[in-house]
Amino acid sequence: MAEKVLMKGNEAIAYAAVHAGCRYFFGYPITPQTEIAAYMAKNLPKAGGVFLQAESEIAAINMVYGAAGAGARVMTSSSSPGISLKQEGISYIAGADLPCVIVNIMRAGPGLGGILPSQSDYFQATKGGGHGDYHMIVLAPSTIQEMVDITVEAFDLADKYRMPVMILGDGILGQMMEPIELNIAKTPEIIAKPWATTGTQCKRKKNIINSLNTNAPELEQWNIARQKRYDEVIANEPRAKTDIEGADVIFSAFGTSARICKTAIELLAEKGIKAGLIRPITLFPFPVYAYKDVKKPIIVVEMNHGQMVEDVRLAAPNVRVGFYGRSGGMVPIPADIVDYTLKFINEGLSEIV
Amino acid sequence: MKLFIVIGHYGSGKSEIAANLAIREKCSVLVDLDIVNPYFRTSDVRGELAEFGIKVVASEYAGSNIDIPALPPQINAVFDQKEDAVFDVGGDDDGAVVLGRFADRFLESGYDMLMAVNMKRPSTASIERIIEMRGAIERASGLKVTRIINNTNLLGETTLTDLLAAQKMLEAADLGEVEIAGFSEILDRLPRELAARKFELKKFIKYENGIV
Amino acid sequence: MKKIFSKPAALSGETRHYCPGCTHGIIHRIIAEAIDELGILGRTIGIAPVGCAVFAYNYFECDMQEAAHGRAPAVATGIKRVLPESVVFTYQGDGDLAAIGTAETVHAAARGENITVIFVNNCIYGMTGGQMAPTSLIGQVTQTTPYGRTRENQGFPIGICEMIATLEGASFVKRCAADSVTHVKDAKQSIKTAFQRQIDNAGFSIVEVLSTCPTNWGMTPEKALEWLRDSMIPRFPLGSFKE
């Protein structure tokens, strides 16, 4: 049996990032992601890397831009309000086709909101956030082990598709502890970056990292090329964990909410109701395939006011879709999810809308 | 007046140990001095501890939606009124810094500082790292560790083998007295010769309801 | 026939877009000459700003990154931390460096970030059509100060060199001008010194170059040079603030 250690979610992300070859971290303090920066501050210098506390989130994401442009595996992390500040930089990173990893350990919003857990940045993460036609790959782990595996993969995906990847966790996942395997199975896939600005050494033509193009037809071509890459991502990368066989009703939830749904499923089983679960692991690309053959009603459970519901409705247009959520740092309680489910079922378990 | 301080690496189970220690030592107060950790703290279990006649003194904002680690003025009353108390401190040297603020009062009253150790946490997985952590905490707090609490665990995946292996290493190192902590399902199987050092924990600190 | 004058190798062959009479072109050239003379072209990485010099990435032959408005010192920090052996410079105007990017400028200097900042100060926003800059002078009429900049409403211009010189991380802080042969030669020498400081790992270096904007000032190039001398230099005195 592989040796296991006990880790906090935030710590696990940082641990996995170093394993993935990330040697540069630029960030700004915010609760509840603190342990990521603390881990990097302690461990990156030992690994021959650099941890730098920036003067702002804005500066931090632009340092990421510079380092990514110079060809490094680089990461920043923050929590909701800090991620809002990074949006300009994220748009530029996407526009210049740079790979990097951004971690958002979500807290309650909008505005200053609160430090308690939330999932209310789903729209921001999956639908843009900054200006322009761009996407990030958005990964939503739900266990600490998965945080480790997904972090290593995030760097590979970023490099492969030359785009920013966001790890979308929430305060609970960041703060909770679980055993993880000490040895990370996945070997990072390090690829050459001939486009990076590493200095020409007077041996090649110069490289330019840039998102500006004054020639509209040309800029459109850049955008089209990027959209084609997004199409590849949509074709190749959607992932979900699905357990819906024989279910009368199906929950769909990501991250912490999916874990809470599992308890609700157990409680419903005691009442003789079989409930299933579709847990998207990639939020962009949304795992549409997982909903293709669903014939039963779906209840989306989130720690927000129903942001993923739209994607579920688009993915499952022929079934009834309900929603149960809490926000502001409140976390859904399994018994309340059960109550909602019973009412939802009583309104009719018709298979088709 | 008995004063206990629980320090250690973050995630070593300090809060769980502090709550159980307050009960075992029949203390009247549990002081939540954690200025580092935003969630899962002793102040979350105020209600349960009240049943044991234990009052929790914590930042007004502990466990709330804001991270203002302002210390409550009632802490001074604990010293002034010579109460028996347990101080639950934040993780690592970062969390132990706050003890420096009260170091003179601890030195004046006398104290017992327990270091919670989970050898399944990477930063305290070896004796060398534990000594490094202890040194950092002692420097930050201006106080000395008097005892070790071996709380080696992997939550639900904890085995007696792991716990005993850690105990053997900790006892072989010159770290002072080593108590052995855990929940009854593990400690019930403890070899007889360790019975005197057994510190059975009751579960207080829980994750949000229903997260499996 | 003997070739007595040529384009520096660090300057690309691309035709520059600057208005006739603008001093950006001169400043580009002296940076390129400094790079050539120090023999650092292959390991130099430049960062272009947002502002009139936004296309600077086309004009230098070294690797270039284009930064968001004001963020060049942060981008430079990211590059330099990854490639400590490289020579990294930013090229920024007054709006980019002294308004929207003040925090990035000040903190890069405070950290002693081993980068070189070329700061082109012409007291106006050129790119957007002549609005007030953080360095616009009291009384200066611009599109957004149609009655002249006043101390009561817009307050005072910022002296960047004076401010940066107070920071321990800054190793070389100098203000030059692009208005005369003597001043241009001094500016070139200063840029060379700034690069040399970076090569020696001495910390943050900044060369401010007072520049003209005949188009948005509404002056002939000659008159603009006079205005630089008569109005700008008294408020922004030339010289070394830290060596």
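Should a chain be cited, it is by its letter among A, B and C, assigned in written order, with residues numbered from 1 in that chain.
Operating definition for what follows: a contact is a pair of C-beta atoms (placed from the backbone, for glycine too) under 8 Å apart; a residue touches a chain by one contact, two chains touch by 3 or more.
From a predicted model like this one, the values you see are computed outputs, not experimental measurements.
Undergrad: Does the chain-touch network form a line, ring, star, complete graph or other?
TA: line
Undergrad: Kindly indicate the chain pair that has more C-beta pairs in contact than all others.
TA: After counting contacts between each pair of chains, the winner is A-C.
Undergrad: Where the CA atoms of chain A average out and where those of chain C average out, how many Å apart are those spots?
TA: Chain A and chain C have C-alpha centres separated by 40 Å.
Undergrad: When the centre of a chain is set as the mean of its C-alpha atoms, what distance in Å lies between chain A and chain B?
TA: Spacing between the chain centres: roughly 34 Å.
Undergrad: Between chain B and chain C, tell me the centre distance in angstrom, where each centre is the average of that chain's C-alpha atoms.
TA: 56
Undergrad: What residues on chain B touch chain A, complex-wise?
TA: Going by the criterion above, the answer is residues 10-11, 36-40, 64-67, 94, 118, 120-122, 125, 153-157, 207-212.
Undergrad: Can you tell me which positions in chain C touch chain A when the two form their complex?
TA: So the residues of chain C in touch with chain A come to 41-45, 47, 54, 57-58, 60-68, 71, 74-83, 86, 103-104, 106-107.
Undergrad: Which positions of chain A touch chain B when the two form their complex?
TA: Against chain B, chain A makes touches at 4-8, 11, 15, 31-32, 34-35, 38, 108, 113-117, 171-172, 175-179, 182, 256, 259-260, 262-264, 328-329, 331-334.
Undergrad: What residues of chain A sit close enough to touch chain C in their complex?
TA: Chain A reaches chain C through residues 24, 26, 50, 52, 54-56, 58-60, 62-72, 74, 88-89, 92, 96, 197-203, 206-212.
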